[in-house]
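Before anything else, here is the set of structures, which you'll find just below.
Consider the two complexes below, in which chain A is the common component and chain B and chain C are the respective partners.
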Partner chain A sequence: MKIAVPVKFVPDLVEELTIDSSGAALDTAWLRLIINEFDDHAVEQAVILKERGGGEVAVLSAEADGVDDFLFTTAAKGADKLVKLTGDFSAVNNHALGKAFAEAIKTIQPDLVLTGVQAHNDLDGSLGPLLAEYLGMPFVGYVSGVTVSGDKVIARKEYSGGLVAEVEVKLPAVLGIQASETPPRYVAYSKIRQVMGTAKIDEQAAEGLDAASGVTVSRMFQPESAERAAMLEGSPEDVSDKLIGIFKEAGAL
Partner chain B sequence: MSQDIFVVVEHLRGQVADISHVMLAGARALSQTSGGGVVAVLLGKDAQSLAANLAADRVLYVDSPALAEFTPDAYQLALAGLIQAQSPRAVLFGHTSVGMDVAGGLSAKLGIPVVSSCRSFTADGKFVCQICGGKIMAEGDLPAPTALVTMLAGGYKAEVGNQPPAVEAVPAPALDALRISIKQYIEPDTSDVDISKEPMLVAIGRGIQNKDNIELATELAEALGGQVCASRPVVDQGWLPTTRLVGKSGKRVKPKVYLALGISGAPEHVEGMDGSDIIVAVNTDPNAPIFNVAKYGTTMDLLDLAPILAERVRSAKGG
Partner chain C sequence: MEVTLSPLSPSQSKTFFNSLLDLKEGERLRTCLQCGTCSGVCPFGYIMKFPPGKIIGALRAEIFDYVLKTDTVWMCISCNACTAFCPSNIPITEAVMTRTKEELLLAGNVPTELQSALENTQRYGNPLGESPRKRADWTAGIQPEVNILGKTRQPVDVLWYVGDYASYHSRMKSATQALAKVLNALGVKFGILGPEEFSDGDSQRLAGERGLFEMMAQKNGQAFRKYKFNEIITTDPHAFNALKNGYPALGVEYPVKHYTQFLAERIEQLKPMLKNEVKAKVAYHDPCYLGRVNGVFDQPRDLLTAIPGVELVEMSHQRLNSLCCGGGGGGMWLDGFQWEKAHTRVSEWRVREAVAAGADILAVACPYEPPRFEDAAKNVPNAGTLKVREIAELLAESMSL
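Entry: the complex of A and B
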């Protein structure tokens, strides 16, 4: 079975996010990018399926700072093919990214495409359903488990409130991964170093990237709250005593 | 072309999901600027009775055996023709396991823009999206002539209609060559404590850092006579079972006190706990969105605070 995993890099939310001088976009000068965590789970799920039933895993990413290291890390986990799309992705939306991924994925002809169910900076829809339409494949998202059975998969789809459905999907298909069956594995840096010597990143130019998705942001701002939390100050002991008072007053203690 | 606002009603196993009522409230607000009506779009098999309490001006009902269960491909096919034929001003979907599966594909198929993670609309009809884990709001003109929108839960209060709206049956298109089917539903695990019934919850998020630190939260919960619950990253790491998950894909809780330790406050989580009486947030990031929903907060490191709080609670209780 051939599995393709297109991934996306997103701003690291641990860092402070600032708005640029246009007032309508994030300031990219100080932005640190990391792998979209759902995509990390998609890579893991692909490797799990390969270990379980054999096959080949291709991981694809648009170029960004840190992408090469990430791709080599996926190779150390078990990915067989690493693809980096080159081009100007600075202002690219998911529609354009989806089209670029679709072109690259068509040459791989996978049975299954796994990608993160969403990314925290999606503004024009998540990547998976767009990609599925461009590839002419069915899409099911919020998946936290995949079993292959012949020319179909059974996907564990999550709904609100903890309800799960077992959904049968004909292959080839795109699944939006919420969580891999087991958490993304850790690989030692020595193993990644080793892979760097042998694995190759296949660079492919993405043509005709369209920066217009039809969704235009005119203003970005940090959420304003009518009632922001009253901050408790002092030593851990002081804060603890204040909290105990609050809990008692609430009738919880 | 019309100025109507469509709401794709989300329902599972005979129950209209709360997000549908939230979207209807959002559609009502948006219709004030568009000048159109609020139209609920209900897809199903013998599901017409679900229209009764929808706060809509009218309901378009599509009935087909292929729509008996929600599947992304049948919903997409049924909606594509309807949207093309009626060209409403906007079509609202839940930013959920149902809505997100359908809206993106329709956008690509029909060439209609989709706006995701929309929380509310401004008085002049602009979209306001909440992105980057709740840290950033993005505002812009609603794409014209038609926009698809996926809606978060937090922006509007659920609205229920006080009289049954007019229901208009719309013939279903041919729904064949479908590639997705539901095999079975698996009920949520009920063997663990039901966190939705607990009055005191100690909730942990990514800030707990590793599995060994879970014990700090467990001990604190024990001292407080409460239970431990968590946000998604903790459960995805396998540090706590899914029965303890609070948020969009987990439980909705409403304790007297929700003590959030190392939780940033992404909308997916907030949706599951904003009904708590008192929310207390402990997070080292002063910009964490959790402080916008919490009544009390501190930027103290939870690893410093939790053991001391547990100890002082025990002595306050005289134990």
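Entry: the complex of A and C
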């Protein structure tokens, strides 16, 4: 079974996000990128499936700072093929990224495409359904368990309220992974270093990157504070005294 | 996991045993008497399926595979007590325990809590997962301003390697600021690396991640080479241990002291500045990697007794026989895992000893300890009034800084 895992790099929230002078995008000066957490689970699920039933895992990513290290890490976990799409992805939304991934995935001809069900910077819909559309494959999202049986998979899909459904999907298909069956594994750094010496990253120029497809952002801004909140200032003792006063006034004490 | 004896391949045991013999003093493993001292002195030996002595026994019996099927070696907090008391001088912590953790890590048998600390170290250069850019944020407001070498590029006498917890931990920042003020008051010309400083990596190494340790050593080495200084001082005994005993073999070699050694050398200059009385019974906790591993027992005590009003009291475990705070060897990142196995914390045991010794203050010299002991004091009867203070904080208090 061939599994393709397209992954996305997203802003790392360890650094504070600031908006650039255009007022419609993040300032990239201090922006640090990190693998989308759900995509990390998609990679893990792919490796689990390979370990369980054999096959080949290809991980694809668009070029960005830190992508090479990430791809080598996935190889140390068990990925067989590493693909890096090159081009200017700085202003690319999910519609354009999905198209670029779809072209690269077509050449792999996978039986299964696993990707994170969402990312915190999905401004124009999540990647999975877009990929399914461009590839002409069915899509199931919010998946937290995958069983392969012949030319079908049973996807365990979570609904709100604690409901779980088992959905049978004919292959090839795209699944949006909510969580891998076991948490993403740790690989010793020595193993990653070893892989860096042997694994190859296949660089492919992304075709037809069109940032204007899908939606455009007209304004981006920090949450604006309303007037309703009162900030209590002073030492912890002062603040707690004031708070007790407010509670008494409101009849709560 | 229950162990039942069945025929299995001895090859893994043999290969592993041979790899231990190749380590420094590794040949001593052949002299193990199976006396059990190591397992007895280990604070968690009673919980491990394979305490240190039994691991050596399993290696000799060529059934090391069984050890790799258990996870209780993650109870090892690398406190070095086993090594210190081994009558055959076997490097048990460095060789047996650390290498066993390395094998478990390579096999993917890693508790999730530990995993995130290691991933954070790889990504951000610190196990707390904080922004590297904010590593020097604690310096805000200190006067004269702390010299961040990347900004000023001025040569200094002393490069202060601040370390992870001393830089970022909300409880530790005040202790770090106190030390900066003490150094300023002494007129020490010092600088820090700030955002260019990476984790020392020693606790990660003792948790089985040697590759990560080497990566950290390389990055810190690159930063050290950029600046001019005469010696390094550290806040953290683990960093002191890394720089003194681990980095030189990786080509990063500088004279290094723990800050308590550095200040003790200047005790005559300090004494007239220690004006305020700190009237308290003070118990000093010897950090494993300052005391037991590196033999620094007296300087921290000398600093404490130089403070007017301080009456030094000793706890039942002290000096070479000190009891670990529980944070070493990955313990800092295995709190949930270890609680599940033991339903107790070594830090609580230690706080009970401080209470029994009649201490008002538990003085420490390692950045893992204030948060660990303060948390523990909340759980220990009669520890409500026990204060946990870094030596630097007590000095700064006595100097009105």
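The rule is short, and it goes like this: the second predicted complex is superposed on the first by the 223 of 253 C-alpha atoms of A that agree within 3 Å, B and C clash if a C-alpha of one lies under 4 Å from a C-alpha of the other, contacts with A are read in each partner's own complex, and residues count from 1 in each chain.
In the analysis below, a residue touches a chain if its C-beta (ideal position, glycine included) is under 8 Å from a C-beta of that chain, and two chains touch if they have at least 3 such contacts.
Since we're looking at a predicted model, the values are computed, not measured.
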Contacts of A:Val239 with chain B and chain C, given as first, second, both or neither: first
Partner chain in contact with A:Gly98 - chain B first, chain C second, else both or neither: first
First (chain B), second (chain C), both or neither touched by A:Ala29: neither
Touch count on chain A, higher of chain B and chain C: B
Contacts of A:Pro183 with chain B and chain C, given as first, second, both or neither: both
Touched partner set for A:Gly162, first chain B, second chain C, both or neither: first
Which of chain B and chain C A:Arg193 touches, first, second, both or neither: second
Chain B versus chain C as contact partner of A:Ala205, first or second or both or neither: neither
Overlapping contact positions on chain A, where the chain C interface meets the chain B interface: 14, 183
Complex interface listing, chain B residues touching chain A: 12, 17, 19, 71-73, 96-98, 100-105, 107-109, 112-117, 126, 129-141, 143, 148, 150, 179-189, 199-200, 224-226, 232-233, 235-238, 242-243, 245, 248-252, 255-257, 259, 264, 266, 277-281, 285, 287, 289, 291-300, 304-305, 308-309, 312-313, 316-317
Chain B contact footprint on chain A (complex, rising order): 11, 13-14, 16-17, 19, 26, 37, 41, 94-95, 98, 117-118, 120-126, 128-130, 132-134, 138-142, 154, 156-170, 173, 176, 178-179, 182-183, 213-223, 225, 227-233, 236-237, 239-244, 246-247, 250-253
Complex contacts: residues of chain A adjacent to chain C: 14-15, 30, 34, 183, 185-193
Residues on chain C engaged by chain A in the complex (per definition of touch): 102, 105-106, 108, 110, 112, 115, 118-119, 122-124, 129-131, 133, 208-212, 215
